[in-house]
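Below, subunit A partners subunit B and then partners subunit C, in two separate complexes.
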Partner chain A sequence: MRRWKWTAFALGIGLLAWRWSRILELLTRGSPLDRLAASVALALPLFAAGALAMPLEIRNRWVVRVAPRLVGGRAMTLGLVLSGVVCAAAVLAPVLITRDPVAIDLAHRLAPPSWAHPLGTDLAGRDQLSRVLHGLRTSLAIALPAVFIAIVIGTAMGTTAAFLRRLDGVLMRVVDVGMAFPRVFLLLVLFAFWRTISIGAMTLILGLTGWFHVTRLVRAEALAMRDTEFMLAARALGLPAWRKFTRHVLPNLAAPIIVTATLGIGNVILIESGLAYLGVGVSAPTPSLGRMINVGQTYLFTEPALAVVPGVTILVTVIAFSLLGDGLHHALNPRSR
Partner chain B sequence: MIRFLAIRLVQAVAIVFLVVTATFFLIRLAPGDPYTTVTDRHVPPEVVDYNRHLFGFDQPIARQYVTYLRRLSHGDLGLSHRTFRPVAERIRGALPNTILLGFGALLVNFAFGIAVGAVQAARYDQRLDHLLSLVTLTLFSIPAFWLGLLAIDLLAVNLGWFPTGGTMDVVTGDLLPFGRQLLQRLHHLVLPALTLGLVSGAWTARYMRAEMLDVLARDYVRTAWAKGLPPRRVVIHHIARTALMPIVTLFGMFVPVLLSGAVFIEYVFAWHGLGWEAAKAVETYDYPMITALTTLTAAMVVLGNLVADILYRIADPRTVSS
Partner chain C sequence: MTSLLSVRHLTTTFESPEGVVHAVDDVSFDVQPGETLGLVGESGCGKSVTALSLLRLVPQPPGLIDPASRIVFDGTDILDLGPNALQHLRGNDIAMIFQEPTTTLNPVLTVGAQIAEAIRAHEPASRAEAHRRTVELLDMVGIAEPAQRTHAYPHQLSGGMQQRVMIAMALSCRPRLLVADEPTTALDVTIQAQILDLLRELRHRFAMAMVFITHDFGIVAGIADRIAVMYGGRIVETGPTQALFDHPRHPYTQGLLQAVPRVDRPTERLAGIPGTVPSAAHWPAGCRFHPRCPSRLERCASQSPPDVDVGGDHRAACWLVDSDEPT
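What follows is the complex of A and B.
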């Protein structure tokens, strides 16, 4: 654990030293998102230092108990590191990259990799690395809140179905309809008909169409929990419903929910990039990995990097979350194989 | 069994009806109609009005809905806005291609998934198991359309083993005798079916592995080993057979996966199936086509689940009571 904290600290200090003026510039004159990125860059070494200096008794309470179980497996460690790197790259994109992802420079179209453009430039002379990082940012900005929405709705519906048996029939029929609706078709229809759809609306729609299987899972888990002894004890103690729910039901649902959420992030990224590839979703100037592949496929045989680089970015991102989800699943269910 | 079937059938019809209704209203809730957004600015307004009238867009939405349902009950899916041909005709042309792609993909999926999953379980926690886990994880995480693009670049363009896309050779396709046509169709099918099959097969492999590991721990398997049966026989007859049972019913789950995947794969490979039609219809605001396609896919998903349920009951009679 200490090794990781020292690494984070060193990386954070390195970033500050490397991009100090950029961070200051973003803090003073950036958009809210830029300021957030700059603040994260500032907070990173502070946070790591705090973790390093954390008094032993606090460390024992949480980190020592949970962390080794999580960082145990090699796959899990890789998943944690990869998804950490991916998320950091997405959040810190404005700090890491000084080039504007939408600035057109026709004099340097399709430039090969160089110091100025580590991954070269695209058809309009835009910096490819910057576009990939900002595309990743877009993907995560959509996927993370969308999964959050889906999980919240799914958990609410699933527990309602399991504990209020009168509503079970109706809710599960709703879920049946939702699952019969091929999600990609539905999203294709919705996104296509609202031509210029905002990222917020896309996120909301992805979240509202993603909770059906969460409901099913949560309902099954909660039903199995209903007849356990600790629930019986809670009932016998006459605990109020809210307390039973927050102290007994939710903590026991946490493991499957966390795993589904983690795997769901990758799934949403795949769907979002697929739709963008088909030409619906995030509108044009905003960098989007799927759309980059769409543009790149025309030049696949002459400029393969245009389509390959964003594809690899999606692949690595989704693998990171899949590894993390798998690892969490094994860490939280030690008996699973 | 008959009562169960009757209930499930009624439910299935109700679900499809709800999907039709939801699609109908979702599309019309969107701002604009096909004639305010995509029509060429140079088209005179009288023509736009006439077209609107022709497709019934000047009527109140409830009226449109009733008309649509009445026509649907007669099997009339309306006219496509894009081609001005009956939607049913386009779908009749596209459906066999999607079914062919679905079957091809399912074949690859099960062959790959069952083999990989079985090998992984037999070599549990060994190097091969870890390696194959990595392979399935990668397939699980790869964007299918991107894998398709890479396959086209490598296998079709650079090596020239397969055509780059389409369902037929555009020039010679129709002139060939039936047998050659079939061969050509299958040759065009290989890459899309392989891409879709491998990507969805990663699920099957993970499921098969878990299922086999579950069976491996059972008593009768220990008995089989204790009897001194040859390993091949134990693995194939005792373990794989039991583990395969739930896998068969997985196919119900794969109907939506394959149909969704088909949208991207068909687009990449210009495979003229339902997904390709959907992508085209979305580009041109083709309401009747979209509604028909979502209805049809929903019906296929529901049907797939129904068949899976029935198969599962036959495979495992214990589920009757639940």
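What follows is the complex of A and C.
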């Protein structure tokens, strides 16, 4: 564990030294998201230093108990590192890359890689690296809150179905209908109503159409838990209903929910990119990986990097979250300890 | 002396594909304050369902406690209580410990958190106060280094320790009645003895009554003041421990006692009771024990025997006893 903390600390200090003026500039003059990125860059070494100095007494806390198991398997470690890098790249994009992803420079269209443009430029002379990082940022800005919405609704619905048996039938039929609908077509139909779609609307709709399988999973887990002896013992002790729920049910549901959420992030990124590729997605000029592939495929044989780089970015991101989800599944499952 | 717990005509049924199953059928017994009642019987005789019924923990549906039943605890009928009063009663006045400590503790919470929660469920104690009492309770149930152990998760403790934690949880609000459903069955013999010693000590310390359920006559002899023997969802014999051991009146009790290995009575082979407990969906007519009974009479197959007082608070439900034949 200590090696990881030192690495994070060193990287954080390195970033500060490398981009100090940029961070200050973003902090003073940037948009709220830019300020967030700059704050994260500032907080990173502080956080790592805090972790290094962490006293040993809190070792028995849940996070600290689980953490060492997370870095056990090789696939898990890779998933953790990859998703960490992907998230850091997305969050810190304005700090890492000073070039504006939407600044058009027709004099340097389709430039080859150079120091100024490490991945070259696109048809409008926009910096490709900056566009990929900001496209990733868009994807995660949609996927993370969308999954959060889906998980919150799914957990609420699933536990309701499991514990209020009267509502079970109705809720599960709603879920059946929701799952019987091919999600991508549903989204295509929904998005056909709008000419332009904001990130917020996209997130909300992806979240509101993504909770069906979460409900299924949570209901099944909660039903199994209803019949456990420790729930019987909790009843025998006369615990109030909400305490039984918050202290016994939710903590036991945490592991499957965390795993589903992690796997769900990759899934939502794929759907969002697929929709953008089909021309349905956040409106230009906001960079989007899916649309970059769409534009790039016309030049696939002359300028392959235009489509391949965003494609590989999607691939790596999705694999990272899949590995992370699988690893978490093994680390959190009591039977595989 | 008024009884602490008075159970009258308790009947608990379950809906099943085979029809309505009478798991507990017209059971009546009393528990005096501070007294330990041993409830003994084979698997499937209804003793666990009786225990669950006392706290209304039988899952409903498919279970149902017959509305004519009465479970009077300290003057109030538990079956008449509303949800809030019932919740107050559970853990506070009557607590329960179970057979399998490994599964009755929540695997993802520390034992300290679970005990503190039991305390705070019934009393407005602060976190610090609850923690202090948790350490006291762990110390009381004989767990070494109680302050450190509050941070342990159930899987880090042995079975005996887990059962001690369960007992600490059950006793956290000083209940007047403890229902112990085979609390030592899942444990090693040496640990069994320790847990029994602990329960005996705590019972005196808190002047607590106990309903102790077991299938083991050897265990019940050491802990119960009075014994009720169950067979086929009914109580077939009840009496003071000594009287029941010295002069068992019901053939089933006699059979069970002969099946207990004893050091002072070496035999080549332990006597067993032939046959098996019938299914609760198809109790035999008349006396439910008659198909396995070595001394059955003709009417045993058709008529249920009356509950006969044989003197000295000792009762048996058997036609042999009724006909006053020496057994």
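Throughout what follows, the second predicted complex is superposed on the first by the 327 of 337 C-alpha atoms of A that agree within 3 Å, B and C clash if a C-alpha of one lies under 4 Å from a C-alpha of the other, contacts with A are read in each partner's own complex, and residues count from 1 in each chain.
Just so we're on the same page, contacts are C-beta pairs under 8 Å (C-beta built on N, C-alpha and C of every residue); 3 or more make two chains touch, one makes a residue touch a chain.
Fair warning: this is a prediction, and the values are worked out from it, not measured in the lab.
Asks: Going by the contact rule set out at the top, does A:Ala236 touch subunit B (first), subunit C (second), both, or neither?
Replies: second
Asks: Subunit A residues in contact: does subunit B have more, or subunit C?
Replies: If we count touched residues of subunit A for both partners, the winner is B.
Asks: Just to be sure I read the superposition right, which of the two partners does A:Gly327 touch: subunit B = first, subunit C = second, or both, or neither?
Replies: Neither: A:Gly327 stays clear of subunit B and subunit C.
Asks: Does subunit B (first) or subunit C (second) touch A:Ile314, or do both, or does neither?
Replies: The answer is first: A:Ile314 touches subunit B but not subunit C.
Asks: With the two complexes superposed on chain A, say which partner A:Arg247 touches: subunit B (first), subunit C (second), both, or neither.
Replies: second
Asks: Should A:Val280 be classified as contacting the first partner (subunit B), the second (subunit C), both, or neither?
Replies: A:Val280 sits against subunit B, while subunit C stays out of touch.
Asks: Applying the touch criterion given at the start, work out whether A:Phe193 contacts subunit B, subunit C, both or neither, answering first, second, both or neither.
Replies: First partner only, subunit B.
Asks: In the overlay, answer first, second, both or neither for which of subunit B and subunit C A:Thr228 touches.
Replies: Second partner only, subunit C.
Asks: From the superposed pair, tell me which subunit A residues show up as contacts to subunit B and also as contacts to subunit C.
Replies: In subunit A, no position sits in both the subunit B and subunit C interfaces.
Asks: In the complex, go through subunit B and note every residue touching subunit A.
Replies: Answer in residue numbers: 11, 15-16, 18-19, 22-23, 26-27, 30-31, 37, 124, 133, 137-138, 140-146, 149-150, 152-153, 157, 210, 213, 256, 259-260, 263-264, 267, 278-279, 282-283, 285, 290, 293-294, 297-298, 301-302, 305.
Asks: Taking the touch rule as given, give the residues of subunit C at its contact with subunit A in the complex, in rising order.
Replies: Residues of subunit C touching subunit A: 55, 57, 86-92, 95-96, 98, 100, 103-110, 113, 117-118, 121-122, 151, 155, 166, 169-170.
Asks: Which residues of subunit A touch subunit B in the complex?
Replies: Within the complex, subunit A touches subunit B at residues 75, 173, 176-177, 179-186, 188-190, 192-195, 266, 270, 273-274, 277-280, 290, 293, 297, 300-301, 304, 307-308, 311, 314-315, 318-319, 321-323, 326, 337.
Asks: Inside the complex, what are the residues of subunit A that reach subunit C?
Replies: Result: residues 60, 228-230, 232-240, 243, 247-248, 251-252, 254, 334 of subunit A touch subunit C.
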